[in-house]
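Presented below are the structures under discussion, each in the form of structure tokens.
One chain, subunit A, appears in both complexes that follow, with subunit B as partner in the first and subunit C in the second.
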Partner chain A sequence: MPEQEKNFNVRDKIDMSRIKRRERTDKIFKTIFLIAGILSALMIILIFIFVGGKGIKPFLPGYEFGQQNLGKFLTGMTWRSDQNPPVYGAAFIVVNTLISAFLASVVSFPISVLTALFIVKIAPKKLRGFFTTVVELLAAIPSVVYGVFAAGKITKMVNSMAQHFGLTTHGGLSQLTVSILLAIMIFPTITSMAINAIAAVDKNLELGSLALGASKTQTNFKVVLSAAKSGIFAGLILGLGRAFGEATAVSMVAGNSMTGPTWNLFDITRTLTSTMLSGLKETSGLDYDIRFSVGIVLMIIVLITNFSIQLIKRSIGGVSHE
Partner chain B sequence: MKKFSKALSVGVAAVLVSSTLAACGGDKEKTGNSSKGTESEKTTVASTDKVTEKKTEKPTESQSEAMGQLTTINVYSRDEASGTRGAFEELIDFKGQLLDTAAIVESNGDMATKVGQDTGAIGYVSLTTDFEKNNLKPISYEGVVPSAADVINGSYTLKRPFSYVTRAKGDFPSEEVEQLVDAFIDFINNSTEGLEAVHMEGGIVDVDAGKPWAELKANHPIVDQDNSAIQIRTAGSTSVIKTLDAAINAFKPLAGNVDFVSDHNGSGDGFKRTLGEEKDGANGADIGFASREFKDDETVSQGAYTGQYAQDAVVVVVQKDNKIENLTKQQVFDIFTGAVTDWSDLK
Partner chain C sequence: MSKHEAFQERISKNRGMTAKRRSIDGVRNFFTYLSAALAVFVLGSIFVFVFQRGAKTLSWDLITEDFHTVKYMVNFTEQEAGDFAVPDDLKEGEYFSTKYGFGVMEGTDAAKDTVILLTRKAEDSPLHSGVNAVAGDTKDKPQDVPTHVNVVKIAYKNQEGETKSAGQVRHHTPQEFVETLDQESTGIVSMNYQSLGGGIRGSIRATLMLIGLTLLISLPIGIFAAIYLHEIAPKNGFTNFIRTSIEMLNGVPSIVFGLMGMAIFFPITAAFGATTPNILLGAITMAVVLLPVTIRQTEEALITVPDKLRMGSLSLGATQTQTIFKVVLPNALPGILTSILLSVSRIIGESAALIYTMGTFVVDNPHITGRATTLAVQIWSVMSGEQPNFELATAISILVLIIVLVLNVSIKLITRQLNKKWKE
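Let's look at the complex of A and B:
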């Protein structure tokens, strides 16, 4: 018996056909994954090509509805397609969009980060589950529902607030309403990203800080938050992306002003998305194509914002666990 | 650690700066508007006694607030692609002159909701809107309260007709087409079914004046054949599409499933493609539509049939508490072009 065991050769037990089969399955799956990856990458390229091509067309010579002036489009402060010829100036819309998204994140970002810190590090276990569920539920609410809420409730609030200052609003349709709405909408996005980031912070970092004599609060703010900054800023990027890209809800409360930029918070505003959306289903020709140009502007702004947040992130924070 | 505390202090400073900035902005707004505020107070003082009669039950503070709100006119309009806006701007004759500060809303329902929520608002909706439910008050135009009856009898003038014209007698692609067009014109003008269909899509017609199609079709024996191979081409106004489609869908099964091809690009085509220069081209049509009266140089009398199958009315609306009852065309023009920006200037 022992001799037999001694002669045991593992190579005899290897069934080459089985291995081949497994290798083949591996290969097949590899190809499937590759195709999925290529497909999703293609989607982005397709969208860029399609939107880009259609959006650039109005500025090229020989455009069927009359070539537009790119400079005027990028610097214009009036958007009126009812003029003859129509006036399309997107600069003030860009400013309005930036203001509303910026205000929204100024309000939402600190609250989100503190909420996440509370949920992960401070709240008792039972509360933690409850709050996490609440945040997840908030994230799952469709934007049109937020829009209805904003159109029905936030507008009234803003309107009475304006009356306190002796100002009038268009029934509450205003830059401020848009900002509040967006702040509410991006809160769950930033919070849930921050929760994940904070929960992923190495426990040893924290223990180290505590062992060195730092208080809990000091540890939370100086060690945990800065170690989680990468994820938190990813949340901010996602949140800003939502703020820039939100169309339905924003259109319901923006009021779509025709000139700008809107500096008065109680005045009506117009964002890039609301410009693209309003009347889209009924329009054609130049007025339709120019919305694609607005889409390009929006994509560029989102890219620039993401890039600058990356830069800011690099300059903030000292603890690194990457 | 040093690096981080530095960053933190930078962050705190940024927050402080931004908050002070925001506060400053708020102050500026207040001071900037204080002069405006006193002005509007002055104007309100003049008309205060009128208001106190009706609003005695309200405390003085909210009264002045309500008045302050009432003085500025908030103009609402639809987006440029809207047919109602097209009709309204055409009728008041201010195409391209809408004031810059007007808010743009998404749809007729959106307009109704938003004007209903804003005490200083003015907007326009189609006559089919539910005014009561949306907290709206329909404004009389040139002294006439908007109603379907007054649109039909012609006394309410903020309206436009849906006009049609057909090709000249004998100029149709075939005898069958001519007979079917004849039947369709009869259907949309005189049959209960046709009028009902147009009415359901918001066209203003007198449904009670219709006769059952079963009675009318005796004059049009062709509808009893199978007409699915025959095509009737329509062209012209885009505003008529909803009501026209409804009528076509009601007509088809009653007329041997005749085929309709609709290519609508604007009222100008209505005459051009049936009797004008494009009538024999690829775009020629058998029935042309315009959402206005035909012009003098559009010699529609050459056509086999011409007339109006429905009317479309626009109603100027304000919030229910507004005391305005009646506006003239000039006043509406002044408000929507920004010549008048204050409710008190209207009186």
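Let's look at the complex of A and C:
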């Protein structure tokens, strides 16, 4: 420490109160940043607590609009909110939701993967940007616009398809319409994940395959795709999650059947999300609260799907990059 | 790279493939072309469909018009018939009253009913002399009849001095309407007209209000949280927990956010006097929806700011807060701008969460604590009625598509610019 040898001391020039003030502001802002972080993290927990709480309420004793039977809700095959007393059975809705999402991914998955392969490995460089933009635009289109398109175009297509088989539809509203719509909507999700996965495949793997005498196409299909498969399947799961949760567009073409499950592709159907949106008028009462119960079921399905990404990554493996 | 590719090229060209191999490869490649072409086809058909169906309906009037029709009634202070010259630029199907100096033609209103549309008024037409005939404060105040309204009824005096009416109430076509007036009347007494409705002015206003309010809430929280995570947070389990929790928000379906809004935040807006779903509630909900996006984008922007800038500032004696606000954030501004554009694009496209938190009833004069619809929700609203209104829905879709696409392209350009800046 310097001694007071001279008349001038720099310490006298330092205003301690200003420093203290600065340090206090520093502390205050750091606390604000921390609070913002915690607040953001808290949201997901609040969602579980509040939506869960409100959704369970109808099944608890003492529920003001008449206690519902949880067993009947989980196994029931009829959803009649127009009856008195109303019947709420969600089992067939879950089945229909799973069927339509499954059909959508069966259609969309191969097309998405092939498109991604085309964009990354096969297309000439100049076309690459164009096709990437196409996928990005498809991802950017809002879901209501997809819904309008489905209600105007896909319904007509499905209707004429049904007539071809000698069947009738309810103006094109059907399970098939929902599946085609969802297939289109999850296409950009799966494709962009697949593009990332394929682009990350180690170049040396390909060179190795080529050196062993495989053709370029063989290498693309056998080596590149299997090396990228964990990323590709993660994309599929992400797409499935989107298909389960898609609401407005689906509700425009589902038709909302009252019983089920619907096995006929040309018959109307009912998904969890279309149930939550149909006939939404009051903001209280049993018919409103039961939508939260449906919301819990949806959340559980989406959660299981998301957690299975981790499982799939572990069991499928693929080749680690770099 | 080019060396790599040249090498690859040589390998696959010199390899003698069997005819069978070649045909299998050809088929496989063909399917990839087909898939990519299908994607282009789907995108194309969506655009063609939306633009074809909606282009006719999309007009300036649609943007400025209210959704609900409003009825008006005026009495005329100058009732005498005049003598007006037929204008030269009369369109086909447009009829001009030479006695009263106005033109009408056939049109349609919001409910797609055929109406008599007032298209033009001569300068000294008696239509300018209207006074409000509806009881209330504004009774007998001058009220000029605007053009582009539906003429429901004009009451006129005939040669015998009796009061008769002409117009939609007597199921007149525009031609019959003008002929009746010009041949039978000696003067006009009063007029009933109504606005056409079916417009989107209210939804545009509500969308803008929602965007403003949402950003006001989501930006500070999102940016501060990102600052905490990137600049301050220690690397430990707690920070990881915060990160995972925020990431989990990404997987929540948007309709569940709607439920969340009603379950958690409705009491907050009720404190501001709201009794129904409202714009403020929609904004708080959207802010939560956008949190993960805002945080991730801001963090990515913070990552691009070189550490030497922070160290320089700190070594000059600035506190960490000063460094963040005066050095780091200004340098991360383009990235934050990207997150704003992305947020706006998401808000405009969002529907499911807002159906729950803002309602589906189209309101012409939205208020922060009242029901309203954004453009996207209005599309859903007009589509989910008994008679889906494709014309209006596709017309709004064109607007929404154009806005969203322009935003996405600008995000791409800004990101590219940003990457260039720090690479140099």
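Note that the second predicted complex is superposed on the first by the 261 of 322 C-alpha atoms of A that agree within 3 Å, B and C clash if a C-alpha of one lies under 4 Å from a C-alpha of the other, contacts with A are read in each partner's own complex, and residues count from 1 in each chain.
Note that a residue touches a chain if its C-beta (ideal position, glycine included) is under 8 Å from a C-beta of that chain, and two chains touch if they have at least 3 such contacts.
This is a predicted model, so every value here is computed, not measured.
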item: Subunit A as common anchor, with subunit B and subunit C clashing or fitting; value: clash
item: Partner chain(s) touched by A:37 [first = subunit B, second = subunit C, both, neither]; value: second
item: Touching partner for A:51 - first (subunit B), second (subunit C), both, neither; value: second
item: Touch count on subunit A, higher of subunit B and subunit C; value: C
item: First (subunit B), second (subunit C), both or neither touched by A:172; value: first
item: Subunit B versus subunit C as contact partner of A:300, first or second or both or neither; value: neither
item: Partner chain in contact with A:151 - subunit B first, subunit C second, else both or neither; value: both
item: First, second, both or neither for A:315, with subunit B first and subunit C second; value: first
item: Contacts of A:29 with subunit B and subunit C, given as first, second, both or neither; value: second
item: Touching partner for A:81 - first (subunit B), second (subunit C), both, neither; value: first
item: Touching partner for A:244 - first (subunit B), second (subunit C), both, neither; value: second
item: Segment of subunit C that clashes with subunit B, given the candidates 278-286, 386-394 or 404-412; value: 386-394
item: Contact residues of subunit A, present in both the subunit B and the subunit C interface; value: 110, 151, 221, 251-252, 283
item: Residues of subunit A touching subunit B in the complex; value: 78, 80-84, 106, 110, 151, 155-156, 159, 163, 165-173, 221-222, 226, 251-252, 255-259, 263-266, 268, 278-279, 281-283, 287, 315-319
item: Contact set on subunit C toward subunit A in their complex; value: 4, 7-8, 11-12, 15, 17, 21, 24-25, 28-29, 31-36, 38-40, 42-43, 45-46, 49-50, 53, 220-222, 224-225, 227-229, 231-233, 241-242, 245-246, 248-249, 251-257, 259-260, 262-264, 276-277, 288, 291, 295, 319-322, 324, 345, 348-352, 355-356, 360, 376-377, 379-380, 383-384, 388, 390, 393-394, 397, 400-401, 404-405, 408, 412
item: Touching residues on subunit B, where the partner in the complex is subunit A; value: 1-5, 7-8, 11, 15, 18, 25-26, 29-30, 33-34, 37, 65, 68-69, 72, 74, 76, 78-83, 89, 95-96, 98, 100-106, 110, 113-115, 117-121
item: Subunit A residues touching subunit C - in the complex, by the definition given at the top; value: 22-23, 25-26, 29-30, 32-47, 50-51, 53-54, 110-112, 114-115, 117-119, 122-123, 131, 134-138, 140-149, 151-153, 184, 187, 191, 203, 206-207, 210-211, 213, 215-218, 220-221, 241, 244-248, 251-252, 273, 276-277, 280, 283, 291-292, 295, 298-299, 302-303, 306
